[in-house]
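Take a look at these structures.
Next, two complexes with subunit A in common: one pairs it with subunit B, the other with subunit C.
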Partner chain A sequence: MSATYDVAVVGAGLAGMSAAVFAANRGLRVVQVGNAGALLFSSGLFDLLGVHPIEDGRTWSDPWAGLVVLRRDIPEHPYAKLEAAQVRAAFGELVAALDEAGLAYTAPGERNREVLTGVGTAKSTYCVPRTMEPGAATLEAGAPCLLVDFEGLREYSAKAIAAGAAARWPGMRTLRLSFPCPGIAGEVYAAHIALALEERGARERLADLVRPHLGDARAVGLPAVLGIMRSDRAAADLTGAIGVPVFEVPTMPTSVPGLRLKNALERAVAARGVERRVHGRVAAVERTGDEFALSVAATPTPVSLHAHAVILATGRFMGRGLEASRTGVRETLMDLHVAQPATRSDWHRADLFDPRGHALNRAGLEVDDGFRACDARGAVVHPRLFAVGTILAHHDWARMKCGAGLAIGTASAAVAHLTGELGYARGVS
Partner chain B sequence: MREKQSATMDTQVLIIGGGATGTAVARDLALRGVACVLVERDDLNAGASGRNHGLLHSGARYVARDADAAAECQVEGALLKRLAPQCIQDTGGLFVAVAGDDERYIADFPGLCAKSGISVRPVPVDEARELEPSLSPRAIAACLVPDASIDPFGLSLEMMAQAERCGARLVRRTGVVGFERAGDTIAAVRLRHSQTGEECLLTADIVVNAAGAWARGVAQLAGLDVPMLYSKGTLVVTHARLAHRVLNRLRPPGDADIIMPGGTVSIAGTTSLTIDDLADVRPTVPEVDLIVEEASALLPALRETRCIRAYAGVRPLVAAGPAVDGRGVSRGFALLDHGREGVANFVTITGGKLTTCRLMAERTADLVCARLGVTMPCRTRSEPLAPTAECEWTEPGFGPRAWMRAQAPDDALLCECEMVSRSALHSIASALGFDGHDGVLADLALRSRLGKGACQGTFCAVRVVAYLYEQGALRGEQGLREQREFFRERWRGQHAVLWGEQLAQVELAEAIHCGLHGYELAARTAVRP
Partner chain C sequence: MTGFGWALTLAAAVAVAGSLWRAAGWLRLGLPVVPSSMRERAGALVASLARSPRRASAGRAVATLVLDVLAQRRLWARDPVRWAAHSLLFVGFTALCLLHAFGDVVTVRLAAGYMPTVNPWLWLRDLLGVLVLLGLALGSARRRAARGRLPAPRRRDPLFVFIVLGIVVSGFALGAIKITSAPAFERMLRDYASVSDDEAAALRAYWAAEFGVAFSPPRIAASTAQLAAGEAVHQAACAGCHARPQAAALSYSLSRVLGDMAPVLATWGAEVWLLRLHQLLCVLAIAYLPFGRAFHVVSAPVVLLAGAGTAPPSDPNRKVRRALALDACVRCGLCDERCSVAPLASLLGNAMVLPATKLDALRAVARGRLDGGPGTVRLAEGAYACSDCGRCTVGCPVGLRLDDLWSAGQEALRRHGEPPAPEWVKATSAAEWADRLAAGPPAARPRLLRYTSLTVDRHTFSPCVQCQTCTNVCPVVAHSDRANGVDATPQKVMNLLRLGLADLALGSRMVWDCATCYQCQEHCPAGIRVTEVLYELRNRGYERLGGLPRPEPAALPGHRAP
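Showing the complex of A and B:
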């Protein structure tokens, strides 16, 4: 018989990873199932709340003030079940864990930061990787800047970004370089450049190419390629060699910042003794007495895991937490109740960019104030079955710009409630 | 005088509408040495010509209802296979009946085909299933016919390219806003640029209205009424090709009884819904469901197959009217000489089928030439549609073949789903030129497979816009506008097929477009220049 874990976290996106870190930080024995591939699709930016109400496209420079309004306007939004102090603490705890794992983010503060995107729009976000911070500072100051791109990096054009951002950020010049490293030519990939920039020699050659074009630029922007394992060192080195701050501009997924985040979170959970079943997929969850039994379809042999509690962080359709057929949406693992529009005709609007967003984006799992999954009648399914992250109903994270806050905040709340529940469960056993 | 303020063009024949009919008329006239200008409000194949099955009919579908149309399709289909092979995949077709279908229709079908000159071969169901392994186990009868798949974009592009080589001129993004009359003739046609609103006058000896579903609106500008019925048809595109041949349900034509091969995909449809309004025609969820349910009677696998998009076109059906050809309506197309209604130099050609576009053009050009006193006979019955390099890229599967055959070391794939390379776009763009107006991305997408694969443009649009800025083809925030409009256009086709895998794909697209790039916010305030 295998041991019974305190909690099984199903899913390894930002919500699942956060839940695993938070639970392990509280001394719980954690098993986590699922690979962290979804994190590769992350931009690396942590949003808390950027836009509300989306109908009006109102952006918030103070996300905490926005949160107060959002909680009032949409009482069923997952944020309405969270205290601001708890979200703040959760961000702090996760950023600290990432920092320990070698990936530095800006400290969670009072304000949103504005960053330039890889297509030239500006995005309000909350915590940014340190490698992107000088870009936010330069944009906020409206200072002149030199934007560099590389021959063959197909989805990133400094010219396109500068043209798109010209109205907001006029003092931008561009420079196209062939990346100074043999073997990187033709179709060039960000990850290959990032890998090359792990090496000091490549950084020096790049700095030598950029320096003569610096002019009045007070910062140099590069696509997000400043190393994979030690991006802080790559950025610091280049900044030193060029003479002005160097910053990264987020790139299309799958991105290097996403890869760094995946690596750092994997290190963070490993360092905390979280047992990980990366290659398995939970095929079924059964409730046996006081425990959950998870059948993990893994090679070479299926595994059965036992846990006192389950945190479902399986994501939406991409993450396979939800599955849609022509007739409806279902939760894939336990067939939990999914709040959803009455018919498929109501799922999406005629215009992709309709300011009101699409109704299907607000479909998902219903939970109580402790993030325990509820059935269609609103009753808790099991006192220790939690759901966190984007699988929850009543949000539109991509339009509200609240994805990371949702993942981190709800994971933190679920772990807090779980700790209380387990205390009770252990007390009686 | 306004006339003096705006530029004036002059030609022998003005053709209104750049669909299969308009481009075929331009080609026919140009081959006879007649000077012509084709104006198109949007771009080539913006209407039904770009939103159909791509079925080159053998005629078998019409044998019971309209033997003339069937015979016409038989002749024209064979002609096009010979003269425009680059636009056609001669897949052959299979008519299949399933349990419950009309036994008498099944029995009569081979005889009716033979009567219309269509070669037909009934095959045992077992043999049919060997030919098409995905065929329904409920199939009870099958007949092979010479149906084929045609690339409607390639066809129109090629016809226009040949016309241009013979001196015809294409004016895109320019619509007709008025006719200036002098007695019983149209003295000048007022044109307006769709984006800039700039107007100019064009004088022509004869005006040909080939505006498809919009022909009625154009005729109204001349004070004429062409009574038309608008029939909306929706089609669904799958992620994988489910059958080698054109599959038709062996029963009287009805909803969703055709499954076409389209390169690497299958296309199932259509529906038929009479509509009043041509604005905002898009596929709906009930139409898509009906197609999946009905067409899966032929191919049950369709039910489980990922659908990547749907599209809807409008069939222009001529209700009645003074047709030149007495059988015009029954043959599916109508050539109307408005001289009888008091406008001497105005002709409308509408209705019809893609398969018969050459014939429609021949009849129209014959009438026009008789008026002009041009004696040169029609050449399109024998003159091949010579292939043009920049028109090759609409064919599904051509991009991958070209890429695998040879690639320059500095070339790169910009659309990975459909394997559209930078050099392919360069070839298209060089032929087309950049006019400084919005719609460059749409121009390239129309002339290639850009954005037509699984990701529906999520990744390639960014790459192509990056490429276009490097080429100096885009300025200011144009690239952002182009991408937004491109994603919106792709969405029109996707929003009714969003379940299963394609919904996951769209979730990623929204995460990028909205979550990361904030296009929905920029779209609120964006003002076109």
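Showing the complex of A and C:
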């Protein structure tokens, strides 16, 4: 019989990765199962709370103030089970882990930052990659800037962004370049440009192309392509060569920042000795006595894992944690109770773009204050079976812009309760 | 000169001519990389042989001769059982040749007063014969145990072994007959001993009783006194030149088995006929030596001394060495045992995957027998299945640079219009292949199809959301330029599968250029086994496109007009 882990984290999205990092930081023996998941679809921005109430489209420059209002308005929202201090500490812990892994973010503070998006809108977000930070600063100052795009990069158009942002950011000019690297031509892909920009020579050639067009620009915006492994160095290098701050504009998924985030989190959990089972999905979870037995459908041979606790971070429909069928929404792994509209006709409102969102978006798992999964009667299913991240019910993370906060905050709370449950009290290592 | 002498001379002439013909083959044969004249190559071979003692040191050359050639240390390291069989046979037979067959020439010089009838020569000859028999027995037992795992022998391969077996068995039979032979006794008595009739009678009694000579009629119940007298005569007249026949243990035992049959055999002239047979087989062995695989006793040392593949490709000697390698291989099959891609031979049903069989086919290529027919296609399949791991070269007991031979073979095939599959596939566009598949009934070659399961199962690719991650992380896409670019990125290949247009993907550059780095599969958010799908498509493409008419050789990369 194989060794029993303290906790098995099912899922490798932001919530699963955060849970693995937090649990390992507390000295737990962690096994994590799941492939890259939806992390690759991330823009790289960490939202805490951007919009509430969504029907009014009210944005918050002080997310903490927004949280107070949110808790009062939607008491069943997962945020209502979290303390502000705990969420902030969790952000700090994760950003520190990412920093260690070579991906720098702005420190979690009091306020949201305004970031220009790849479609020309401004978005309120909480922590941003350092490579994007000069953009936020320039936008806040309203300073003139030069926005560069590349021939053949279909998902990113500087002109389209400038047209969308013209009202807020009048001093914006655009420039289209052919990326100065042989082999990157025709239909080009962001990751391939990023790979090329890991090399100093390519950065110098790019800087040489940009510099003559600088004019009065106080910053240069590029699509998020400044390297994959060492984006900080690529950004610093280009900034030095061009002479003004260079910043990244988040691109459409699947984006390079998503790739960076995935890579950095993988390094972070690996550095903490988390056992990762990337290849294969958990096919079944059984309770055997005091333990959980997880059957992992892996090739070439299935694997059986044993753990004292399980943290379910399998995401929603995209991550296949939830599955919608004609008969309703079900949780795919253990068929846990899913809070959902009574009938399928209640899933959506008449208008797809209704600002209030849809009931289906708020379907999900019910948990107690310790983020333990609950059954239909509200009773805890198992004292050490937790659920975290977007799979939870009563939120609309995409409209509220609270996805990262939800993932990081609930993961932190679940691990805290888990350590109590397991009798560990070693504190952050 | 006697008839035997003439036959021997003729056999020696045939052997010399045959050896020269084999040696000429080293210069004539070849898998060329650089054209070179016969003279250049002859010069290069001679130079490299002459250089070999000087190059490192004379000691090194001697070490090669002693350790690699005589002691067979490479074989010892690979397979001790084989080494034992090989050494028993080699040591036994070589020593018999020198000490017994050429005793009048060799042994006489080693020991003054050499006579084959005295010890140690008498018992040594018998012992050496036993060694040969043991070696043959061990070798055939091992071959039987390894049946199915060894390269199939060529028809004439066992011939030399049978000749050797015949020589040794006829030798033992001859020995046994002579021990019991009364005429032989009388001949010796007449030629070497001058004794009275009484003494001769006593000696007959003594030899009959002590050594089992079968006189006719048999002398029974000789008296003790007669035997004592016989012994005295024996000591005085015979013992000095003739050891007790019991020293030849196996021959003597055999003579006991013959027993009463001996006088009958003697009347039939068995002694003479066996001697003729024995001599005939020896003559045959000499004449046949250059034409069978036994010639490796010459070619293997030449290979070892000429040194192995350190020369640059432009060295004409390299071509010579390839020819030498083609010639020196005895299909021992040690390379097959170590071949990394050996399982492919059974999977594809193509023995050309295995080094020993492939080498045989390459010999035909070197002789210019490459017809472009099914045999050539099968050779190409075997040749390109090689993963260049080099284990065969490391495993070769003769130190052949097989890896160099394989690359030369691939080059020859390429020039002939048989490039590796990725090249002939990519010479035609994916769309054109799809059209051809749709037009012609594909010749079914369902060898690998049972291993295709992913690309026909919609559960494999239906989760694809076309997010482009696979393409983003693909180094092949990243490093392909416009002219040489992939025609369908991984995510587009997935889409083709979703649309039921797998045939459009079979000939695509993406499928054939995939480096199987697994980046796409590692990154796929939907958990799709992208790399494995691409790989399976390549296998499907190999099966199905390979069944279609091939492109004209002239249109293929690497082709040279003959």
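One rule holds in what follows: the second predicted complex is superposed on the first by the 422 of 429 C-alpha atoms of A that agree within 3 Å, B and C clash if a C-alpha of one lies under 4 Å from a C-alpha of the other, contacts with A are read in each partner's own complex, and residues count from 1 in each chain.
Simple rule for what comes next: a residue touches a chain if its C-beta (ideal position, glycine included) is under 8 Å from a C-beta of that chain, and two chains touch if they have at least 3 such contacts.
Nothing here was measured: the structure is a model prediction, and the numbers come from that model.
When the two complexes are overlaid on subunit A, subunit B and subunit C sit side by side with no clash. Comparing subunit B with subunit C, more residues of subunit A are touched by B.
Aligning the two complexes via chain A yields an angle of 90° at the C-alpha centre of subunit A, spanning the centres of subunit B and subunit C, rounded to a multiple of 10.
Of the two partner chains, subunit B is the only one touched by A:A324; subunit C is not.
Of the two partner chains, subunit B and subunit C are each touched by A:P253. In the superposition on chain A, A:V278 makes contact with subunit C only, not with subunit B. By the touch criterion stated above, A:P300 is placed in contact with neither subunit B nor subunit C. In the superposition on chain A, A:P212 contacts neither subunit B nor subunit C. Within the superposed three-chain model, A:Y189 lies in touch with subunit C and out of touch with subunit B [touch as defined at top]. Looking at the shared chain after the overlay, A:N35 reaches subunit C, while subunit B stays out of its contact range. Subunit B and subunit C never share a C-alpha pair closer than 6 Å once the two structures are laid over each other. Taken together, the two structures place residues 41, 185-186, 253, 318 of subunit A in contact with subunit B in one case and with subunit C in the other.
Against subunit C, in their complex, subunit A makes its touches with residues 35-41, 182-186, 189-192, 195, 253-254, 256, 259, 262, 278, 281, 299, 318. On the subunit A side of its complex with subunit B, the touching residues are 41, 43, 45, 47, 51, 54, 57, 59, 117-123, 152, 154-157, 159-160, 163-164, 166-167, 176, 185-187, 250, 252-253, 316-318, 320, 323-326, 343-345, 347-355, 357, 360-361, 397-399, 401, 403.
For subunit B in complex with subunit A, the residues that touch the partner chain are 280, 282, 284-286, 289, 292, 409-414, 459, 462-463, 465-467, 469-470, 474-480, 483-484, 487-488, 490-492, 495, 498-500, 503-504, 507-508, 510-525. Of all the residues in subunit C, the ones that touch subunit A in their complex are 465, 467-469, 471-473, 475, 477-482, 485, 522-525, 527, 529.
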